[in-house]
Amino acid sequence: MTETLIKVDLTQSAYDNDMVHNRWHPDIPIVAWTKPGDDFIIETYDWTGGFIKNNDDASDVRDIDLTIVHFLSGPIGVEGAEPGDLLVVEILDIGAKPDSNWGFNGFFSKNNGGGFLTEHFPSAQKSIWDFEGMFTKSRHIPGVRFPGLIHPGLIGCLPDPKLLKTWNDREIPFVEAHKDRVPPVGTVPFAPTAHMGRLSGEGRDKAAAEAARTVPPREHGGNCDIKDLSRGSKVYFPVYVPGGGLSMGDLHFSQGDGEITFCGAIEMAGWLHLKVDVIKDGMSKYGIKNPIFKPSVITPKYDDYLIFEGISVDEAGQQHYLDVHVAYRQACLNAIEYLKKFGYSGAQAYSILGTAPVQGHISGVVDIPNACATLWLPTKIFEFDINPSAAGPTKFLDGSIDMPLAPDL
Amino acid sequence: MTETLIKVDLTQSAYDNDMVHNRWHPDIPIVAWTKPGDDFIIETYDWTGGFIKNNDDASDVRDIDLTIVHFLSGPIGVEGAEPGDLLVVEILDIGAKPDSNWGFNGFFSKNNGGGFLTEHFPSAQKSIWDFEGMFTKSRHIPGVRFPGLIHPGLIGCLPDPKLLKTWNDREIPFVEAHKDRVPPVGTVPFAPTAHMGRLSGEGRDKAAAEAARTVPPREHGGNCDIKDLSRGSKVYFPVYVPGGGLSMGDLHFSQGDGEITFCGAIEMAGWLHLKVDVIKDGMSKYGIKNPIFKPSVITPKYDDYLIFEGISVDEAGQQHYLDVHVAYRQACLNAIEYLKKFGYSGAQAYSILGTAPVQGHISGVVDIPNACATLWLPTKIFEFDINPSAAGPTKFLDGSIDMPLAPDL
Amino acid sequence: MTETLIKVDLTQSAYDNDMVHNRWHPDIPIVAWTKPGDDFIIETYDWTGGFIKNNDDASDVRDIDLTIVHFLSGPIGVEGAEPGDLLVVEILDIGAKPDSNWGFNGFFSKNNGGGFLTEHFPSAQKSIWDFEGMFTKSRHIPGVRFPGLIHPGLIGCLPDPKLLKTWNDREIPFVEAHKDRVPPVGTVPFAPTAHMGRLSGEGRDKAAAEAARTVPPREHGGNCDIKDLSRGSKVYFPVYVPGGGLSMGDLHFSQGDGEITFCGAIEMAGWLHLKVDVIKDGMSKYGIKNPIFKPSVITPKYDDYLIFEGISVDEAGQQHYLDVHVAYRQACLNAIEYLKKFGYSGAQAYSILGTAPVQGHISGVVDIPNACATLWLPTKIFEFDINPSAAGPTKFLDGSIDMPLAPDL
Amino acid sequence: MTETLIKVDLTQSAYDNDMVHNRWHPDIPIVAWTKPGDDFIIETYDWTGGFIKNNDDASDVRDIDLTIVHFLSGPIGVEGAEPGDLLVVEILDIGAKPDSNWGFNGFFSKNNGGGFLTEHFPSAQKSIWDFEGMFTKSRHIPGVRFPGLIHPGLIGCLPDPKLLKTWNDREIPFVEAHKDRVPPVGTVPFAPTAHMGRLSGEGRDKAAAEAARTVPPREHGGNCDIKDLSRGSKVYFPVYVPGGGLSMGDLHFSQGDGEITFCGAIEMAGWLHLKVDVIKDGMSKYGIKNPIFKPSVITPKYDDYLIFEGISVDEAGQQHYLDVHVAYRQACLNAIEYLKKFGYSGAQAYSILGTAPVQGHISGVVDIPNACATLWLPTKIFEFDINPSAAGPTKFLDGSIDMPLAPDL
C-alpha cells in the first residue's frame, strides 16, 4: 500500500499537528522526505482547519478569524532537489476523507473578508454540499448536481529568504497605502495565529513575525486556486530551498474559474496521492518564473455551455480601461440575473458560479477602452433546461429554499 | 442557392460600397431585409478594408490610419424584430473569399495604436498566414500550423439614440481625462473618415460627428473579439431599433483569447452564412444586458495544453490589486520566454499567442492582492515537441526567419 | 487560388467525363499529376452519377442499375510514389458543390441491392437532406438536425495486377457459391457498364471484363465508408503502381458507423481539397497491409449519447457465435423501437441511424457465444429530449410526415 | 458514511461468502435490500475469486478451472421494483480495494478457454498491472501508461424462469452441436462448481443444475464487458423478478473495446458506489429489450488516435460475408504488426489492445462482401511517439522484457 507521509485527524486542532503550517517561511522545517520517482499520500485539513461546520447557520462564516488560514500539510522534501530546479508533481488521485463526505461554500461578510461581489452580497452566507461518490449537490441550492473536478487550491514550494523579502517589500507597503479600505487590499505578517510547523522558541517567533501569509498566489504558485490542477494533471514548480519543501492544502471538490465566492470553492478536508520528480536546473532551461502545468485527461467533459459576456463598464456605468476584473464581474452579474429568471435567489446563483465547473475566459483585452470577459456556464449541471427559447424561462424553483445568512452583529 | 444579401469586391474601396459602414449610429439605413427563419450570406472586407497587404513589409501596419476601421457589412433588418427583443443569429458557416486565401497578424507601433505588450514590442511588425483548406501556417513563423476557428471579431445590432448617448457620455470624458496617454485610452467620434453607409448629406454629417467608433465591445456586443463565435455557434443579441440592424465584419481565421496582438487575430476578408430568428421581448424575459451565446459543436478539439500562470505583479515588480489584465500579461510574457528557448524570436512567440487557439482563463480573482490568470497553449499546433523534459529544450529554429519590422519614421 | 485538378459538371453524364471511372484496374490511365507537398482540389459526382433526384419519389432508388456505381474522380499520380510506399493524404477541406446543396439517403429494395435491415425494410425508400451551411435536416424526417462530418466514402490507390487477381480469385468463386442469394453476397466484374476512364478500344474492353467492382472495401482502402475520414484527417495509403493512382468519390455529408442504410449515408456531389506526401518504403517500414489514418481535430463534438446494446442472438431467437454483425443489427433494431416511441416511423428511425453521427462499437467479442455491440446515438441531434424518464416518452411527431416508398413493380 | 451492503474479504474463499454467487438463476435469494434514491457500496472479488496471482508465472492462467467464474456480489433488491420496470443504476464511483492495488491481463491457452486471437497466441500468458492512483502500468509491458476507465465487466438483474429457459433452450443445443470445437463455442450449466449464494440443500442442487453460466452477455446485460460503464455512467436494466436482484462483479481497471484478450481486461477486486432508481413499466414505455445506458462525463479524453482498418477477409485470404468479427480481428492483427516495429513482442502488443482504452468501431457493414472495422489506438498512452513519419519507426524496446508464458503441459 502507498505510504501516507502526513496524516491529519479532523477531531484534533490543526495547531496541534506539527506536520501542518499556515505561513510561508524558509525556516519551516521539512517534515518528511521522499525521492524522485516516489509516490505517496498526503492528508490535509480543509483550509480553515475545521472551523466551518456542516449545519444551516452561517455565523461561522461571519465570525471566522481569517488570520488562521490556510492550514497546509508539509513541507515535503525531495532528495536532490536544489534551488533552480523544477519539481515535477503529478497528481495521481485526490479525494475527500471518508469520514468527511461534504464541503462548504460561502460569502464572507464585507466587514470580514468580503469577496468578488461583496458590494452585492455584503452578508455572510453559506451552502453545504454533500458528496455522492464523484458527484455533489447542496441541500441549500436545489436543481444542480455535478461531478467533482477535485484539486488543491493551494500548493507550492517554500520561498528562500530573498523571495520572501521580495513579497514583503511589495505587499506590506501596498496594504499600508490602502489601510482604510474595507475589505482590505491584502494581508500582512501576523505572528499571533501563525502555525510554523516544527519551528519553536525564538526561531519560531522571529519567523512568524515575518512569514508571508498564504492568501495570494505568488511566484511559487501558492494559493492559485486553479480549478484544473485536478487528478491527472502535472505541475512544474520552481524550487528555492534545498529539498523543495512542497506544501499543500485548501482542497476543493469543485470550483468555477475565479473562485469568485472566496469562501471559497467547495472546501473540504481530504487527501492527495502524488508522484514527484525533478528537472535539474529547469528554471533557467525553460525560462520559468511561475509554475507551469499540464491539464488532466480525466477532466469532466462539458461541451454545451451558455456563455455570458461582460465589458469593463462597472455597475454604475463608469468606464474602466481594459479592466478584465470589472468585465468578468459584469459577466457574472449577467449570469446571476439570468439564473434568477428560473427561480434561484441571487445568492444561490452566485454560489453556483463559485462552485460549478464554469469557465472564465479573457476574451478581449485590446479593444480600448473595454475589456471583454466571458463566463461559460455548463448547461448540463442543471436538472432542468436553462437554454433560452421563444417561450421564455420557466420558474423551476419556488423560493422556499435558500442559503443561510448571518447578518453582521 | 442561398442568397447573398451583401457582396463586397475586394478590388473596390470599401468607402464605395454603400452596404458597408465603419461607425455605429441609429440613423444608418438598413440595406437589406430578411425574415425570421431565413438563411443568407454576407460578404465582408477585412477590418482595414484591404489596407494591409500580403507582402514582407510591415510599413502598412505602421502607417495605417486607424480612424478608418472597422468596415462592417450591414445593417441587415429582420422583419418583426423590435426593441427589447433578442435577435437569434446562428452561424451556419463562415470562410475566406476564394480569391483571398490569406490573412495577416501584426503589432501596431506604440505611437499608432499600440497593444497588449506594446512596452515590449513597440515597433510595427507583421506576419502573413496562408490558408490551406481549414488549416493555416505562416512563412514568417515556422513550425506551427493549426485549423481555423473562424469567427467574426465584430458583430452586433445598431444602438438606439439613448444607448449611443450612454456610450458617448462615458467614453468621451474618459478619453479627454487621459488625452496625453500613448497609446490613447479610447477612441472618440471622428467625422472625416466615417463611412455612414447609405446616409448622405447633412444627415450623414450630423450622424458622423456623433457616431460611435467601432473599436470597443459594448452592451450590444460589437467588437467582442470572442474567438468562439465560430461556425455552429448561436448568439442572442439585444435589439434596440426596429428590424435590429445587424452588422458584422472583422473576420478572423483564428485568434487566441484576448486578441493580444491587436492587429489583430489572423485578419481576413470573407463571408458568413447566417440564419436568424427572434425571441419576442427576450431582453426582459431573460434579464439580458449583453449578448449571450452558445458555442459550436464543430470547434477544433485540443486536449493537450501547456499552461502558464501569471499574477498581478507587473514587470517592474509592482503590486496591483486583483488586476487580471496585469496577471494575463505576465502569463503571456512567461509563455513567450518559454517559446524563445525553442528558437522563436519574442515577436514570433507573441504572434503565436495572438493567432493560435490559445485560451486565457481568469483562474483566481479573490486572493488579495493577486489575481491569477492562466494561458493555455495547445501543444499540438507545433510540429515539434514543446513539453518540458529532463533533457531540456531543443532549438528547432535557427533564427534565420523572423517577422518583418517597420521602425517608426 | 488552389488548382482544381479534376472538374465535374453535374449536368453532364459521368460517362462523358474521362477523368472519372467506376472500376478498379491497374491499366486505368492516370489523368493528372501532382508532387509531394502539393495541395489541390478534386471535384466528384455523387456515387450514382446523379441518378437519384431531389424529389419525393423513391422509384429512382428502386430502379437504379447498381452496376454503374461508384463514379470516382481520378486516378491522380504523385511524382515519385512507387509500389511499397505509403501515400499520405491530408484532407484539408471538403464540401458540397454550391449548386447542389442537398443529399439523399435511402434503402434499396431487397430485390435490388438490399441492405443491413432489408428483412425489416424490404422496399425502396428515400429521404432528402438539405444543407444549411455546416448543418443538414430532412423534410422527410422532422425533429433532427446536425452538422456534417463530411467525408469520402470511397478513396484509395489503383491495385497492381497481382492484387487485382487476389480480389477476383477470392470474390468471384464466393459469389458463384451463393449465386441464388437475394440480395447477392457480392459483385463481380461486369463490362457493359464499366467506365474505364481514358482507356479505350481493346485495352478498355479487356480491362473492363476483369476490373474489380468498387463496392467492397479492400486492402487498398476503397469503399471503406469510414465516417471519420473527414476534413482534417490524414490517411496513409499503400501504393501498388507507379504514381499511386489515387481515386475518390462517394462523398457523404454525414453517416453513422456502419452506413447501415446502404443507399447510403447522406450522398452528395462535391469537392475535396487535398494535400499529398510520400513515405518511401512505408509499407514494410510500418508493416502496413490496409490503410491507417489519424482522425481530425475538427470533428463535431457530441458527449451526450443514449447507448443501445445488442447481442448475437438474432430476431428469431437463434444463437450465433460471437457474430458482431448480428449483435449490431440487434442494437440498431433496439434503437429503432425506442425512437418509434417518440413518434418516428421505423423507416425514419432507420434513416436517422444511417445518417447521423452515431457510433457503432464492438464492445465484446470473446464472451462465448455472444458478441456484444453498442450503438451510440447522440442526444443533441434531436430538437426534443429523447432521454428516458419516469414520465415516459412524449410523442413529438404525429406521423403525418414519412419517407417516400416505392413498392416493387 | 455511505453504507457498504456487501463486503468481501480477499483472504477468504469466495465460496465462503454467501453474498456472492457465480451463476444466474431466479431462485438465488436477494441478500440485501435498498430503496429508490438510495446510494450504497458493494465490494467484489475479481472475476476468478483470487485465483490469478500477482507474480511472474502464467501457470495460474493456464490451469484455472473456468467453471468457477464469475464471482458476483448480490443479488441486491430494490423496494418496489417489479417485472417490466427499468432499474436505473448510476455508478457514482468505483475503485480498487486499497489492499489490492493491482490487476491482471492474460491470454488463455487454446486448450482452456482460448480467445479472440487464440490461433496466433495459443499459450497461456499474463501481464500484471500496478495502479498508481488513477493510472496504471505493467512491469511486463514497458512504455505504456494510462488512466483507468474503471467499470464492472458484468452487471445485471436476475432472470425469471421464462428467460432462463430461453437461454438454456438456445445455448445448450448450440454447444451440443459444436461439442468438439476447441475452444468450445459456449458454456452450459455445471453444478459442481456453482456458487448459488444463500441457496442450500435440494433447492440449491436443483437450481445449480439448470442455472445459466455467467460468461455471455444476454438480454439482461450480464457480462457485456462494455468499457464505458464507468464512474458517472447511468444504466437502465430490465427487471424480471420482484426487487430486481441486481448483481455485479468482474471489475476492470481498464479495457479496450472487445475485451479481446478474454483473460480479460485489467481484472481486479474492488468496490462500486451505486445509486438506484426505478422507472415503472419502463420496458414497454420505451420498448426496451436489452439495457440502455448513458456514458459518463468523467471519461478520460483522448483525441489523438492512430486508426487501423480491417476487412472481412481472414488471415488465409478467405472471403467472409460482412463478418465484423473477422474484420475486427484483421484490424487488431494490423495494429499488432505495427507495434512490433517499435520493439514490442506480439504478445505485448496484443495485451495493450486488450487493456488500454482503444475503441473498436463497426465502420461499414453493407459493402458486400466486406465488412470494415476500425481499431482506434490512443497515441498518448505511449511514452514515445508511435506516429508514422518519413524517417520510419524507432525501436524503443530492446526485447529484454516480455510477458510470462506457461506452455501447455
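First chain written, first letter: the chains are A, B, C and D, and each begins at residue 1.
The rule is short, and it goes like this: contacts are C-beta pairs under 8 Å (C-beta built on N, C-alpha and C of every residue); 3 or more make two chains touch, one makes a residue touch a chain.
All values reported here derive from a predicted model rather than from experimental measurement.
Chemist: Enumerate, in label order, the chains that touch chain C and chain D alike.
Modeler: Correct list: A, B.
Chemist: Please tell me whether A-D or A-C has the greater number of C-beta pairs in contact.
Modeler: A-D
Chemist: Please identify the chain with the largest separation between its CA centroid and the CA centroid of chain D.
Modeler: So the farthest one, by centre of C-alpha atoms, is B.
Chemist: Where the CA atoms of chain A average out and where those of chain C average out, how many Å apart are those spots?
Modeler: Chain A and chain C have C-alpha centres separated by 51 Å.
Chemist: Report the inter-centroid distance (CA atoms only) between chain A and chain D in whole Å.
Modeler: Chain centres of chain A and chain D, defined by C-alpha means, are spaced 40 Å apart.
Chemist: Can you pull out the residues of chain A that are in contact with at least two other chains?
Modeler: 297, 301-304, 380
Chemist: Could you tell me which shape the graph of touching chains takes: line, ring, star, complete or other?
Modeler: It is complete, because no pair of chains fails to touch.
Chemist: Using the touch definition from the top, list the residues of chain B that touch chain D in their complex.
Modeler: Against chain D, chain B makes touches at 301-304, 380, 385.
Chemist: Considering the complex alone, what residue numbers of chain C touch chain D?
Modeler: 86, 115-116, 166, 170-171, 174-175, 178, 183-187, 215-219, 221, 223-228, 236, 257-262, 277, 279-282, 285-295, 297, 303-311, 313, 317-319, 321-325, 328, 330-331, 334, 337-338, 340-341, 359-374, 376, 387-390, 392-393
Chemist: For chain D, which residues are in contact with chain A within the complex?
Modeler: Listed in rising order, the residues are 1-2, 39, 91-93, 98-99, 101, 132-135, 147, 231-232, 273, 275, 297-302, 380.
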